[in-house]
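By written order: A, B and C. Residues from 1 in each chain.
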Amino acid sequence: MSEFLQFEDVSKHYGDVKAVDHVSLTVKQGEFFSLLGPSGCGKTTLLRILAGFEQPDTGRVLLGGEDVTDLPPYERKVNTIFQSYALFPHLSVWDNIAFGLKVAKRPRQEIQTEVAKMLTLIQMEDQAWKKPDQISGGQKQRVAIARALVNKPRVLLLDEPLAALDLKLRQRMLIELDLIHDEVGITFLYVTHDQGEAMSLSDRLAVMKLGRIEQLGTPEEIYEAPRTSFVAAFIGDTNFFNGTVAEPLEKHSVLEGFLSVAVDKDYSRLHIEDFPDLECYNDKQIKEGEQIFLSIRPEKLRISRERPKPAPHLNAIEGVVEDVIYLGSQTKYWVRAGDYRISVIRQHSRFLLDENPIRWREKVWISWHADDGFMLEKYSAQDENLIQLPPEEVGETSPDPNHAAPAQPVLR
Amino acid sequence: MKPSRLPMLVTWSVILFFYVPIVILVANSFNSSRFGGSWESASLKWYIRLMNEPSIWHALTNTLIIAGVATLASMVLGTSAAFALHRFAGTRLQKVHYSVIYTPLVLPEILMGLSMLLFFVQLKVQLGLATIAIAHVTFCLSYVAMTVLARLQDFDFAIIEAAQDLGAGWWTTLWRVLIPMLAPGILAGGLLAFTLSIDDFVISFFVAGPGSTTLPIKIYSMIKYGAPPLINALSTILLVITFSCVIASQYMSNRDRRTA
Amino acid sequence: MKAETRRHASEWLVTLPSFVWLLLLFLVPTVLVFAITFKPPTPYGGIGEGWTLNTLRTLGNPNYPAIIWRTVWLSVAATAICILLATPMGYYMARVSPARRRLVLLLVILPFWTSFLVRIFAWKVLLHPEGLLKNTLVFLGLVGAETSLLYNAWSVLLVMVYTELPFAILPIYAAAEKFDFRLIEAAKDLGASSFCAFRSVFLPGIRVGLLTAFLMVFIPSLGSYVIPDIVGGPTSEMIGNKIAQRTFVDRNLPHAAGLSAFLTVAVLIPMIAITTLRGKESPRDTLREEGI
């Protein structure tokens, strides 16, 4: 049952807009899977196609091997948590949770025990007879979860379920959602534009852009090894350098038994104006002369007053500190080097005051290992717009510096 | 700067203006004098005479039958119209639909009355209770549709998807979710339709036939052809009924709002 | 495409009942009014065969310009007075405490819910030659014993204002309630006098309400029939009275249709003008208030 939920070549367009563009995707049973992307990337449409609220133009949806593409929503064993919760305002908490079971004409005894179980799970036994407008946002959220879970769906669909909550509550619900997922063991399909939610909850996630899947993998894979500059900029913070791939630096030939194997461990020199002598690990075998973006995460950069000792594959450039933002556990530096404004994060592992910390206007060296840079295809103006789109609906941008807007390359 | 008192003065003068004629009318209904110019003595004699007027009871029965039919039919038609207008807002069909629903609300009643009379005459339909009821459904429909539409403005359509998502088919969704949720709006529209139907004179007068006298038609002929003290008494009864209904419904909707 | 089709099907399904009903019983009859204008009458009050321009010719009757003129000026005057009274009321209602506001709203809505005929009749009683008001005024020496308060254009105007006023108050109040009164403070802060702030900030702010009020009072006024019939006399007839006379007294339906057709056109012109002026904003809010 590893291929539990499958989207096969699914497309959907509204007028001229391609909401979902030939997407194929497989979700495993019991997995917490997230669809992450800016607004208009098609993640919600994909979820609604699975729920049965939308019909795909092409492709099919398989659930446990069965084609459910043409089933109406009320005949699918999936349930949805709506962004607005969509609790029935005329029914009590108890009746809201019992709705699905009543519609399915389950015996009364069973309904009572199942609803009671759910009320215990969401710790709302004493609020069962309240109406939705008498409970708080977080409680509504939990009722919505219970109302869906009580039907024992094969997949639970969550459409930006935390967007309507404030930051504190969001963080608490994040933990609760994780606990509930562990407890019930149902497959969760989670749609969000918030990378923090997706990264912390998911087993795997798909980053979507303009109706297509940009990259699919575990949170670590996606953060550490973004495959495109869109992913690098959308997930977390990064520095981009605009350059051209130059000659390959070296090729190690390893003798292995009788075969001489050209090992992939090759590095390329980069032509980046202002910084003539940078190198980068070229895992994608990008050819000489290609225009690329070099992407380096701020926390992978080291900052020092002295020039670091030369070492194999170590890149170092010189710059001037333009801004220092002290954040307690870490400090963020903005360093001017040539035409670039580079963001560097330094974790404080020692008592800072003894350290004579680097200050504004100091001349510094920034260094990183060639393995920590990524050569990515160029970032288009369209990508930039997508990343800068305001978050959907209510969710305010979090003040958490780790989630702040990504660094923009300073292009000539 | 001191706020001007003019708006307050105007408001309360207008309210006084609203109620003076009504108060005098009510007072006169207890006046045994025939012309109410001077107070003779308090009496209930007009009320007693009213009770013994069979034609009034007949007219009242007709009015209630028509109002009942018109209310029920316009609730069904108006609700589905409001639903269509809201759910499919923006399509060309709904734009036309909206204008045919909206126009009867502002068009002078006499135009609707005459046009329907001509329609029935042309089709050689016998005028009577049925034609009045049909005419009433036509204008009540618009009022119900507008009232329900106003309530639909805050309706979250994700709730319908939620019901389907939880396994409810169209029929179950309609009866278990949509109608209970819209009930306050539908009832408010129905109440409005009922009141308007009971009160309608102009349109009824045009499409009424022999023997289909409604209460307003009866009142009109009493006003035109004598018997003022009887109308005082009848009007007072009507005023008491409508005032208590409106106050009760206000009280109820206020209570609703407080719990919401 | 399948979903598209299904959506269309369900749209038609919920639209058809009301749409067909109104098409048959509202649009077709309205068109019929225009058609029947060109039909000859029968002596028994029916509609004859063939086509004629006779009705159109009789509409040129010299009586009509006077009646049309009276209809227009009475409606304009009633509308102007209603809006003049309703605007300060809307302002007041939007500014007072919620409890007081509910009371005023209730007091305004109550007469609207009471029988139209009863309200007119109440005035007939009050203005009656033997009635209270007349007796008081004679007693105070303000009017002569022979002056009639009833059966003239002034009594018609008075009762028109009385019955139409709630239709002006409600939309204006609805607009005023949404008005941001800090704008008035801002205007005063910038040096405007109270009256200037009222005129240059508040009135434009409730523009939609004013236009709706105009529509809701002026158009029904043009079609007034019962008010001039009960409290008016032969010198205060309006088009509505003529339509009723042709229908019930002369039994000349084509003639009544001709007058109606004229009135329909006269009513549609301000209606289309206002709807265009008002732009996209819908009259729903007003009705929300009326429906309580």
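One rule holds in what follows: a residue touches a chain if its C-beta (ideal position, glycine included) is under 8 Å from a C-beta of that chain, and two chains touch if they have at least 3 such contacts.
Nothing here was measured: the structure is a model prediction, and the numbers come from that model.
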Most distant chain from chain A by Cα centroid: C
Most extensive contact between chains (C-beta pair count): B-C
Chain centre separation (chain A, chain C; CA means) in Å: 60
Whole-Å gap separating chain A and chain B, where each centre is the average of the chain's CA atoms: 57
Inter-centroid spacing, chain C versus chain B (mean Cα positions, whole Å): 16
Contact set on chain A toward chain B in their complex: 51-53, 72-75, 78-80, 82-84, 86-90, 99-100, 103-104, 131, 133, 147-148, 151
Of all residues in chain B, those that touch chain C in their complex: 1, 3-4, 6-8, 10-11, 14-15, 17-22, 24-25, 28, 35-38, 76-78, 80-81, 83-84, 87-88, 91, 93-94, 97, 100-112, 114-119, 121-122, 134-135, 137-138, 141-143, 145-147, 149-150, 153, 188-189, 192, 195, 199, 201-202, 206, 216, 219-220, 223-224, 228, 231-232, 235, 238-239, 242-243, 245-247, 249-250, 253-254
In the complex, chain B residues that touch chain A: 156, 158-159, 161-169, 172, 176-177, 180-181, 183, 259-260
Chain C to chain B touching residues, read off their complex: 7, 11-12, 14-15, 17-19, 21-23, 25-30, 32-33, 36, 46-47, 85, 88-89, 91-93, 95, 102, 104, 106-111, 113-126, 128, 130-132, 134-135, 162, 165, 169, 188, 194, 215-216, 219-220, 222-226, 229-230, 240, 243-244, 247, 253, 256-257, 260, 263-264, 267, 271, 283-285, 287-288, 290-292
